[in-house]
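Scroll down for the structure; my scribbles are underneath it.
Chain IDs A, B, C and D follow the sequence of writing; residue 1 opens each chain.
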């Protein structure tokens, strides 16, 4: 049956991927024997190259990092490293500088001053398995290359996302698109039952309409079976799909900046956190600058900046005389760890 | 209940939109009284402008052209016309030429020689209602601007696409991603029942999880209700969504060229055909050139071109000595109306 | 002769475009009688439309706003207004809200929280005349549509940018890509002479190689003349070119944010300032939010934010114990109007 | 002096890059001793990787392939190979198929049916040195990542493109943007003299305005020197610039399809031909399919296709009764090797 999983969801605190990779014996259940054998072979391959390599990222190649109950992120290929950013910024003949400290200074400068094009000179390709409702948010980032598994051409697997109990959140009463407390007791149990039952029933009917079981066998030789491109419309949005996704570093940082943010839906954040882990291995200097400037940083409007200056000058400022809207005032006080 | 519709689907032969617009009294049922009143008011608005206008397209503004059983296409705004293409190609100070015949010649030339940038100088904005599985194909066209109705923020309407009987196609046996004959009798009836029942049940459970009915009323005051962003995952892929979609003419022609093609899935083709109708009103010269060059035209590979030359020289050419693969040979013979 | 101009360059303080438009009698000299007549006719055109119109922007249509010594910006067409942003954000059937105050609140929220897609629903098209070295910076913004005047197809006009004396800056000694003091006396005079002489000579040789004068007449009937696509390579980078440039509002704000910034080269900033003026007429609510959040705002890194909190807590913070690099410390102190 | 070169330009017939690489001893003169040493070191590097490698392309890494008189193309990095296209098209766990023959069939199919996304899964990065007037055509391809050498930040080298005598073409009398016969005798000599003299003089004045020589030394200690960002405006469009340019395979094929075409200006075609050579090494199956379908193929409009069918049916068709414009008729007859 779909969606039952005792494996805890990946926590947003961002345990390093090493641990996650350690968990791969568990994931393997998702792969067929053939897939396993092929991946094992690829992991043991060693090619010679004149290109830049990043050993810490190479370790992850052909590994599937688990996300949510049936999803994963696999790094398939990459181009460039921290030094390649410097090399491009300088349009240099060789490898840019050879001094890591200088590289870090320049990378920080580029990021701070929005010189984004050198970061576009690194590229990474992932294979990702994710629920369709997450895929629909994800695909809104247009500056990436995507090949998705085709449900016109193939039958989808019987795998559905069902939240673990700690992520079964109520609707927030204060924020129309946010989550509130975690549901408990009977209400939680009922939700999980409904999700599992509807997924199971819809998938069974999908097979019936196709006149074909998940394993490819025909159900009733006397029937034709509905076209795959039509039958799929009966599947719920928590079924898993998968795709190859390739993106440059600048746009990946933009994606992670938006999707690892606390305003993002938990389920896509779980993926963004794993992507951020892969970034730490791939381009550690850039990732550190990004975490300082973007993840840990904040944008102040002109009016908010004026409030900060008045406060620094010792002037008492209240919501009323701040020049900010009530909401902006609350946001600014929260940012500065002050009471609103 | 969702999805019952005696209204025939829009036929791909492309009846003019005028007829479709005539059908709007029927569609109106989809709009609330407030929406109707607002659209009526907007339709009666007349503003003054120095900009280029296209009266034939103005007639369609604020009209919803029906597509499939509950979908529609509405033209919301547009920029430019056929002459604006000429104006941009010439980087002219005024309106380009004033002679329609010269414009047609230049537009044909630009299209034939892939000078695509002048076509990017026209822009159009649509409001579209479409099933999610169609939206997922549609969004793969990245060179457009999109705002989709948010199921994190709002509750989706109880509207599902259910194919009309003549579009209930079996899986093609020769083409893995195509359709074969239309299903009939009991098998067809069973498919329609399953689609309707699963849609109805999933939606009812969506309401139950939300603890809120479609009309906004609370079901059980003692419960909190699951977050909207989670509850939606129980909805099947044939539920309708809607979005604003804005695109330039060059990219729209590319979209229509791919999606009005016989290889496209019927359901997205139904929309592409309506878009093509709106193009005929908006930029008639460009659309005629497009229908000649792209829709009615064909690309020949170097080897296929060599075959055509040999045939013209009176040489007997067979699949075996053609230099083409079996599939390419069949495709070429079909293109030339010859037996393979 | 090229480049002589007693007309002062447009100041970056951003006088309203109304004044600039008032100066158009002067600009008219740049247009031929035919062009003038056609533009006059277009300005007097009044079409009827059901579309959204923005009267304050309509006034500018078919007017050329002067920039630098021979350049201009002309608004050719536009789509949408402030309300169209709200309409798209709500995926609404009508015009969004009808209350300007509510619109302003939502637009501020969208901009503050980086919900950028609704701003992509407005589009504007300009005709711009600019020196080639400015065009080369400009074109790096890829999310726009461009048609440039072709020097393969046509002969370029004899118009070159020569800075006015107050913009003849020395190389900055502290910033490798910045400007220092204004050159004066003999050095300034010599620079202006060189620029004018080389422009004049290169253009004369361009004509000689083409065997054709600017007015189209042949110089020597016994010669063939070099191909236009080759002869143009002799022209210096301060010759003027022109193009049609179409962009959506989100990407235009991004362009203006980067190019109206004090780090941008003066010559492109002069254009960005005029674009900002047109924004104030077109989408006043959005422009006000943009000027508050982006132009007047600032981004703080995580470490800079920590310094601000320590200062607010009354703690003495110095460069040494700030956790910032020397350069970041100076930038932060400048932002907060404190001594570094 | 700039631009003197007895080295023949790279011929468009496309000699293999191996020969070009053989010519590198010649090019080395362009590199400083330090650059040479660094490139030599990089060429001798051998890293270990689990990623896909393409030995035939690895041979080219860190080699500069000469183009025109002072330009070059260097492959800096790459991602993927022919099999990676198949792997992405199948969203496969391993490497796609292992049979080259099957890969070729699928790649042909994808290209023929415009399934372009799998080709986006390969990426390549070049370092290119090219004249500015070529760079201005090149940059119009927006779907690429670019970092250009900054003339705001650095002083440009004294290197100018001067055509070799056989490329000194007259203006075509039949095609407004084409070339006619090659200029000869005095007219040719005069053109070359003018190009060389103006380049030399403009560069000397550039140094004078900067108050700095090409080698970095100051000319006159009592002067400040004009800002680099201003002084560069005196340089002609045939001066060389350089950039890093990174692009995916689909968009690279599009670029080469347009720029290796006979309608493209010779100078950019010389670069496109070298890019095509690197494609043959990198993705030989894809390149063969591309040369058959795109380079050697042709698009027929609906009306042209109708003419072909009538001719095949033995019907006599003349320009007058063909339904084609005079120009289309000529183009079709040329395509079919028939007299117009």
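Here, contacts are C-beta pairs under 8 Å (C-beta built on N, C-alpha and C of every residue); 3 or more make two chains touch, one makes a residue touch a chain.
Everything numeric in this text was worked out from a predicted model, so none of it was measured.
S.K.: Considering A-C alongside B-C, which chain pair is linked by more C-beta pairs in contact?
M.R.: B-C
S.K.: So what's the Cα centroid distance for subunit A and subunit B, whole Å?
M.R.: Roughly 30 Å, centre to centre.
S.K.: Could you grab the centroid distance between subunit A and subunit C? Build each centroid from C-alpha atoms only and quote it in angstrom.
M.R.: Subunit A and subunit C have C-alpha centres separated by 37 Å.
S.K.: Scan subunit D for residues touching two or more other chains and write them down.
M.R.: As it turns out, subunit D has residues touching two or more other chains at 117, 140, 146.
S.K.: Building nodes from the protein chains and edges from chain pairs that touch, which of line, ring, star, complete or other describes the result?
M.R.: Graph shape here is complete: every pair of chains touches.
S.K.: In the complex, go through subunit B and note every residue touching subunit D.
M.R.: Residue positions touching the partner: 105, 108-109, 112-114, 117, 140, 258, 263, 291-293, 295-305, 308-309, 311-312, 325, 327-328, 335-338.
S.K.: What part of subunit C is in contact with subunit B in the complex they form?
M.R.: 31, 35, 38-39, 41-43, 45-53, 58, 61-62, 76-80, 84, 87-89, 91, 93-95, 117-118, 120-121, 123, 125, 127, 145-149, 242-244, 246, 248
S.K.: Residue numbers of subunit D touching subunit C in their complex, please.
M.R.: That would be residues 131-133, 136, 139-140, 142-143, 146, 150, 152-153, 161, 163, 168-172, 176-181, 183, 187, 190-191, 194-195, 198, 201-202, 205, 208-210, 223-230, 232-238, 265 of subunit D.
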